[in-house]
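First the structure, then my questions, so here it is.
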Amino acid sequence: MNACSCNGCDIEIVAALTPRYDAERFGAVLVPSPRHADVLVVTGVASPQMKDRLIRIYEQIPEPKYVLAIGACACGGGVFKGCYNAGQGIDNVLPVDMFVPGCPPRPEAILYGIIKLLGKVKGNRKPS
Amino acid sequence: MLSEVVEALVFPGFLFTLGLGFLFEWIERKIGAHMQGRIGPLVTGPHGILQPIADFLKLLYKEEIVPTFGDVTIYKIGPVLYFLAPILGMLFVPVMGTRAVATFDLDVLFVIFLLAFSALMVVILSFASESSYTIVASGRLVLQYVSYEIPLVIAVITAAVFSGALSLAGVVQTQSNVWNVVYMPFSFIVYIVALMAELEKPPFDIPSAKTEIVAGWLTEFSGRSLAFLKLTKEVSLIFGGGLAVALFLGGPLGPVPADPLLASVAYTVYFLAKLLAVGLLIFILRTAMARLMIAQVADLFWKILTPLALAQLAFVILLRGV
Amino acid sequence: MTDNETKAEAGAGLIQYSTENVVPFGPVHPALKEPEYFKLYLRGEKIVDVIPRIGYVHRGLEKAAEQRRWSQNTYLFERTCGICSFIHSLCYVQAVEGLTPYEVPRRALYIRLIVAELERIHSHLLWVGLLGHWAGFDTLFMWVWRDREIVLDLVEAIAGNRVHKSLVTITGVKKDIPEGMKSRIVERIKYLADRARFYKHIVDTESTLLARTRKVGNLKAETAQRLCAVGPLIRSTGIPRDVRADDPYAAYGEVPLDVVTRSEGDVHSLLQLRLDEIVASVKAIDYALEHMPGGPIRLKIPPAIPAGEYATHCEAPRGEIFYFARSSGGVSPDRVKVRTPTMANLPTAIELLKGLTMADVPVVLTAIDPCFGCMDRMSFVNLDSQKQWTWSGEELRQYGIRKYFPERKI
Amino acid sequence: MPKIEDAFKSLGAQIDSSKPGLIILKVALQDLTNSIKTVVEQLGISHLSTMTGLDLGENIDVLYHFWKNDLIASVRVSVPKSNKHASSIVEIVPGAILYEMEVHDLFGVIFDGNPWMDRRLLLPDRYPTDLPPPLLKETKASEIRKAVGIER
C-alpha cells in the first residue's frame, strides 16, 4: 500500500511478482481486498494525509495480520527526513513486524523479507 | 446400502470432488504461471501441490469479519449453500461406469437447475454484503448471468435431444461408439465458453475484476466463508467439466477389460483424462485473454453464441428426425 | 441510480454518503496506483465542474531542498518519482549547471543521454505492462515486465543501482561506460527492439485487448494544445511536442532522433506510440554508443554556486519536466521549483471529464492514466437536488454501462 | 528565433547573453494580463510550462514560464507581501489553473478570477489555516510538522 511513497519501492514489489523473482513460489499472491489479506505491505513515509487512511486499512484486515514495511522511507523516514509533510516511518503509525531497508530494496531483499516473515508466522502457531 | 453411502461420501462423491478441486486449482496456477514465464507455487509440498490446501486451511483459522450493515443471516449460510450445489451435482456425473451415484430419469434438468442455482446464489451473496463494491458486482453478475444462461441451457438440451435421453446415464450410454461432440462441435464450444463465464474465468471475470472493483462480490468475505467460496469456484469447475465430459465426450466410456472391478477403474481413468483435457483447455484460454467489458460480454453471448447454439439445436433435430 | 441513493434519506440537505476511502488498498497496480480524488459537479447528467484534490504524495521537497547543499539535492530530487528518477536528477543538475560558467565534458553528455533513454525504455515497458494488467491481461503484464528486467540489468551494470541511479553530479557523471560493456548493451537492446515490435503485433491483433483500448477516451489535438499537455499524451493527438527534438539538451543535438506521433489520441494509439518510442530510443542508444567521444567524465567544482536564476526542461518518459533554480551565491539553493509532467497533463484530464456524462468518465480515465495513478474515488454533488454521493471509479463504469447498455455500440 | 527575441526587446525585456534560450520579461503587476495576452496571442507562444513562486523578503515574485521550440520565455511579476493579490490568467491560458492553485497553496498569493481559489491542491487537510504558507522563508519545517501532527 502506497503511504506517500516515491514509487521506487512499489515497482520493486511488483517486480518481485514477475517471472524473474516470482513471489508466488512461496505462495505470496496479490490479493485485491484487505479482507482476504494476511500481510499489509506498506511503502512510503506515511504523510499526515495518508496516516489515518493507513490505520483504517489496517483495521480492515482480519487477525492474525502482519505488517511488512518496505524501503528506507517506511523504516524511518528515509531521505525525506525533516520534510514538512513526511512522517518518520511506519512504526509510529502501525505495529510493524518486518522491516526491509533499502532505497529501493532489491526484489531479492523483498522476497527475503517475506520468507523471514513466514518464519516468524511459523514461530507463533496460534493467531496473535 | 453401505456401499451407496461410501460411494456418495468417499469415492465419486464428496472427498473425490474436493481432492480434484484442490488438484485442479494447483494445475491452473502452475499452467498460468508457466505460460507467463513464471514458476508458480513451489515450496509447499512437492512442486507446491499442497499450496491450495495450505491456503484453504490458513483461511479456516483466520478471523471472520461479518459486516454489520449487511444481511447477516444470508451472509452466514450463503457460502454453505453455494458450496453444496456443485458437490450435489457431482453425484449425478457418471464416473465409475455408465451409472452415476444417484441417477434418476430427469437428472439433466436437475443438473441445469443446480447450475442456475449456484449462479443466483452468488448474486444473493453479493447483495447480502452491502458495500459499494459488491452492489456494483451484483449488477454485473446479473447481467453476465442473463447473457450466458440461455446458450448454456441450449447446449445441454442439444446433447440430451440428440441422445434421446433426459438422464446423464442415458446420454452416456448412447455415446458408446461415437461421441456427441462429433455431431455437435458448436454446442461443445458454446458450452465451454458459457462455463468459463459461469466460473468467472478471464476473459469473463468482470464481476470479480481484481483491478477494477477490488474483489467484486468477494470483497466482504473473509476467514471461513472466503475459504468455502474459493473452494466452491474450483469444485464447480470440476462439476462443469464433468458435465461437459458426460454430455459431449462420452463420459467414462472407452475400450474396457471384461472384469467388472478392472472395468470401473478403467472408466475412472478415462473420465479423469477427459476431465483433465477440458480443464487444460479452459486454463490455457484463461491465461491468454484480457478481460472484456460487461457490454462486450453481453454482445458476444447474445449476438454470436445464442444463434450458434440454436442453429446447432436445429441441425441436431433435423438429424434426429430424419 | 444504484442503491446508495435510495438509502440516503431524501431531502435531508447535503447528505454525505461516502465510504470516504481514498487510499486504494490492495496493490492493484502499485506502481501507478497513487491516491487522488476528484469532485465532480453535475447538472443532472452532465458534468459541470471537476475539482482535483491531489497532494497525497506531496512531501514538501522544495522546502527541504533549501536546507540541503547543492550536491546533496541530486539525491533528494531523484526520489520525487521512482519511475523517472534519473530524468529528475538530470534536469536538476542541468538547472544548476546553467548557473555555473563551467562546460560539461561531451563524454558525460553522451553517458547521460544513454542512461536517460534506457530509463525511457524501462518506463514505457512498465506502463505497457501495467495497462495490460489494468485491462485484465496478466500474461502481457508478466511478459513485458520480464523483458523490462533486461533494461534494469543494463542500468545496474552502468550505474550500480536498478531504480535510483544516482549517476549524475553537477558538471559531470560519476561512472564511465567501459569499452567492454558497449557490445553487451548493443546486443541486449537489439533484443528489446524486437520484443517491442512483437508487442506491437500483439496489441494490434489480440481481439480482447483491442476491444478494451480502441476508441477509448479519444483526445482532440485542440484541447491538448490549449491545456498545455505534454509528452505521449499530446503526441498521440498528432502534435510533435518533444523537448529532445525542439530544445535539445545533453547530447540530443548530435544524436538523430525521430519524434513519434499518431493521430487518433485513444489508448490504443498511446500503446502504439510508446512501443514505437522504445524502438526509437534503441536506435538513439546505438548511435550514441558508437559516436561516444573520449575524455574526462566530470569536473571538480567548488560547492558554492554563483548567484543567479536559471530555468531548464527535459523530456521525461511522461512528458516535459521543468526545473527552476535560484542561487544567492551560497552553498545551498535559495529556491528550486519542480514541475512533474503529470501536473501538466492533469488539466487535460479534467477538461476531458467536463462535459462528459457520468457514463463515459471511467472510460476516459483509463485512457489518460496519468503517472500519479488512476482515479479511484470520485464524489458527486448534484446541484439540483443537493445530494452528494461517492462512487469508486468502477461504480461509474457499472452505472454507465447499465444506463447506456441498450443502444451503446462498443 | 530572432523575431521573437526582438519582439521581447520591444516589450522591454532584459536578455542575459550568457544564458541563450532564456528570456525574462519584467512586468508591473497591473498590466500582467495584457502582457501575457501579447505573449500568447501576438507571439503565438501558447504552452505555459509552469509558474514559479519566489520569496524575496518583502515581496513574492511570480514567474510564468512559456516554452516555444528552443526558447523559454518567462514573464516576471512581483507581488507585495502586504496584499498578496494578482489577477488570474485562466481565461487566456486555461492550463494555468493548477499552477495558480499550487502557488496559492505554497506562497499564499491569491489569484482573483481563478474559480478554485478556495480549494486546497497540495497541502494536507489538517494543515492549519492560521499557519503561514510552507514555502515562505519564515515558516520553519518543524513548526509545520508539529502542527500537522507527525512529530510529538
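To keep things simple, chains are lettered A, B, C and D as they appear, and every chain counts its residues starting from 1.
As a convention for this text, a contact is a pair of C-beta atoms (placed from the backbone, for glycine too) under 8 Å apart; a residue touches a chain by one contact, two chains touch by 3 or more.
In this text, all values refer to a predicted model and were calculated from it rather than measured experimentally.
Have a look at A-D versus A-C and report the one with more C-beta pairs in contact.
A-C
What is the distance in Å between the mean C-alpha positions of subunit C and subunit D?
23
With centres defined as the mean C-alpha position, give me the subunit A-subunit D separation in Å.
38
Approximately how many whole Å separate the CA-defined centres of subunit B and subunit D?
62
For subunit D, give me the residues that contact two or more of the other chains.
Subunit D, residues with two or more chain partners: 123-124, 134, 141, 144.
Spell out, as numbers or ranges, the residues of subunit B touching 2 or more other chains.
Residues 36-38, 210-211, 214-215 of subunit B touch two or more partner chains.
Touching at least two other chains at once: which residues of subunit A meet that condition?
Touching at least two other chains: 18-19, 30-33, 47, 49, 60, 82-86.
If every chain is a node and every touching pair an edge, decide which shape results: line, ring, star, complete or other.
Shape = other; not a path, cycle, star or full graph.
If two chains touch, include that pair; go through all of them.
Applying the touch rule to all chain pairs gives A-B, A-C, A-D, B-C, C-D.
Enumerate the contact residues on subunit D facing subunit C in the complex.
Within the complex, subunit D touches subunit C at residues 18-19, 21-22, 24, 46-50, 52-55, 63, 65, 67, 69-72, 74, 93-99, 102, 106, 115-116, 119-124, 134-135, 141, 144.
Write out the stretch or stretches of subunit C touching subunit A in their complex.
Listed in rising order, the residues are 21-23, 25-31, 33-35, 55-61, 63-64, 67, 75-76, 79-83, 85, 126, 141-143, 145-146, 148-149, 152, 162-164.
Please give the residue numbers of subunit D that touch subunit A in the complex, ascending.
123-126, 134, 141-142, 144-145, 148-151
Which residues of subunit C touch subunit D once you look at their complex with the stated criterion?
For this pair, the touching residues of subunit C are 49, 51-55, 58, 60, 62-64, 67, 98, 101, 225-229, 241, 246-248, 309-313, 320, 322, 324, 326, 334-335, 337, 339, 343-344, 346-347, 351.
Applying the document's contact rule, which stretches of subunit B touch subunit A when the two form their complex?
29, 33, 36-44, 48, 51, 54-55, 58, 61-65, 210-211, 214-215, 218-223, 226
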